[in-house]
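Sharing a structure with you now.
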Amino acid sequence: MNAVEVQGVWKYFGDYPALRDLTLAVPRGSCMALLGRNGAGKTTLLRILAGLSRPAKGTVTILGADTRARASRVGVGVLGHGIGVYEELSAIENLRLFARLYGVENPERTASEWLERAGLERVRDGLVREFSRGMRQRLAVARAFLHEPTLLLLDEPFTALDDRAIAVLQTLLRRARDEGRSIIMSTHQLREALELATDVALINRGRLAYTGPRTDEMLNDPGWLYRNYGEA
Amino acid sequence: MTPAGSIATTVKPELAALRWVRGAAAVCAKDLRSELRSKDTINASLSFALVILLLFSFAFDPGVDTVREISGGLLWLVFAFAGALVLNRSYARELVNDCLDALLSSPVSGAQLFLGKCVANFVLLVAVEVICIPVFGIFYNVNWTRHLGQLAITFALGTWALTVIGTMFSAMTVNLRLRELMLPILVYPMMIPALMAAIQLTTVLMAGNTVSADNLIWFKVLIGFDIIFTILGVSFVDTVLIG
Amino acid sequence: MRNRIIVILAFAAAALLSFNLYKVFMVLPDELNQGAIYRIIYIHVPSAITCFTCFFAALVSSVLYLAKKDMRFDGVAAAATEVGVVFASIVLVTGSIWARIIWGIWWTWDARLTSMFVCWLLYAGYLMLRRAIDEPGQRARLCAVMSIFAFTDVIIVWKSIEWWRTQHPGPVLSIRNGGGMGPGMEAPIWWNYLALVMLATILIMVRMRQEDIRREIDSMRRWAHAL
């Protein structure tokens, strides 16, 4: 069973088809870099996979189940554009909350562990509204990973991260990939993403322009894909 | 730690129910903690309610008979408007940092989210009422303690009605461009039947009388309203949030 | 085909209304207590029942849209609600005129009038909601839920004169086990209802045609974008 199966998906915003007849399979344990220009439909696709939106036509399954089913939700970790943590709560309170929502066995311990992994144990009880940008990003990463998701969805995760946050994220992603978790990551930062990726998919104006394993050629010449399969 | 390839297995019904309650409770606790730390909305709500009550007393200096007639109407109008300040922000506050997305993509169902928020909002609204009613008693010379049990039930039922409607429509309008405009237009008419019932009962009780058979219909209206709109809210909140 | 139905219905409605008008004004005697003005009941009551019929049609359509996600149901719901609001306005206006003459006041806040006014506000709110949302899918979804919520008030309006002692006259129609009217007085209400329902159907069909055309334009725009 594939981690993700997208079949013939269409999604409209008003008149505009953001996704057109998109069909994509993401194998288990793969780390897929989702490439495409701005407005190509990457975020739209990721939102559907995250259960935040439904396609107008077509089917989407995650680990064989519907995107809104609890079985899917429990196994998916999402890191979108917004950091998804509460300003008025402390770092530990935020992580504890999401640990509870995801049904983690020992929320307190898990939250503490991940606080350490994100390098935030010293500001454990600090309110997020006082955090720097980098600290918020690291907390967001902890939130996305703490329930040990089988599938990770990341929408431009390296954008606007400071060095420390990038390091934390890369370590976590590498570890996740080694543990056999599936990752779908949309990105503009080709270098960081292609290093981690095992597969790539290029979306062009809502359609799938190319999908296949990540080759060394792509790694050495990141623009290759866009030149051959992207828009002129 | 969940192994990397597994899918969550099915759970016994008792455990599932407990998990459901825990999820809703986590959302409720989060809302309350968040609000009590900043106190933005609760302060605005409380100030508004107290100012209107005091201004009314000052402007009209109502005599005993007038107060007897208007007590229910005045109190419930004040609580409807003050409550709206709390209820309108219920889902809108989740838009900061895209927290609504984080919640919706978690295993928490729309129903858990809805009821968790309703309970949190209910607590906040009751807090405002508990402060305002004694103030009302002082400035309008009304003895509100005579039928405290029935008054408490009336306020509980009426406040829950306002909460359920307000929270539901907050969810419905959260993604709209014209949210600030549409929310009052939709919410106040929807609340009117419950407000009418609550007003009638409160007026009777504030005048020192107990609720007679004549007025029992209003209790039934409130209870029916609460049950129906809680069910409708829980059923449709997922539909309005996921597009 | 649709045009033919509209024309047939139009003729039938016109015929019925003319016949009833004749009956109401020429044949029936004045009512004992109210005098001539009671004849307004022959617009007021059928309009009310027609308005509820329209809102019920909107409710069914909305539920069907949520179940099937077919945009045509959204079109029916929108059209039916618009026509319903028109008839609701007629109810409120004719009722006020009658009230002014009989009770001496234009309005009172009893259970029936209040709930009817709320009904008007809620469905007017529905129409405002439609205008506030640009995206067709989101608009259909949210308005369908609004329609379901708003219908709860229709039930309150219908039952209000049974549940409460209201200033509005109590039940008189035979279907409600009411006090009953004089001989031959109730029938025109139901004939007028039939005529008004036909009229409502025509209006809804015309309005729906407009919605169909708009949807076609929408989908043509979509195809143009897709190229």
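First chain written, first letter: the chains are A, B and C, and each begins at residue 1.
Note that a residue touches a chain if its C-beta (ideal position, glycine included) is under 8 Å from a C-beta of that chain, and two chains touch if they have at least 3 such contacts.
For clarity, every value in this text was computed on a predicted model and none was experimentally measured.
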item	value
Central subunit by CA centre of mass proxy	B
Chain pair, most C-beta pairs within the contact cut-off	A-B
Longest centre-to-centre distance from subunit A, chain (CA-based)	C
Centre-of-Cα separation between subunit C and subunit A, whole angstrom	50
Centre-to-centre distance between subunit C and subunit B (centres being mean Cα positions), rounded to whole Å	32
Euclidean distance of C-alpha centroids - subunit A vs subunit B, Å	36
Per-residue overlap in subunit B, given as positions that touch at least 2 other chains	243
Subunit C, residues touching no fewer than two other chains	134, 137
Numbers and ranges of subunit A residues touching at least 2 other chains	none
Contact footprint of subunit B on subunit C as seen in their complex	66, 111, 114-115, 118, 121-122, 125, 128-129, 132-134, 137-138, 141-142, 144-146, 148-150, 152-153, 156, 163-164
Subunit A - residues contacting subunit B, complex	28-29, 47, 50-54, 63-65, 68, 70-71, 73-76, 78, 80-89, 93, 97-98, 100-103, 127, 143, 147-148, 150, 179-181
Residues on subunit B engaged by subunit A in the complex (per definition of touch)	1-2, 4-8, 19, 22-23, 26-27, 30, 33-35, 37-38, 96-99, 101-109, 238, 242-243
Residues of subunit B touching subunit C in the complex	168, 172, 175-178, 181-182, 185-186, 189-190, 192-193, 196, 217, 228-229, 232, 236, 239-240, 243
Residue numbers on subunit C that touch subunit A, as the complex places them	134-137, 218, 221-222, 225-226
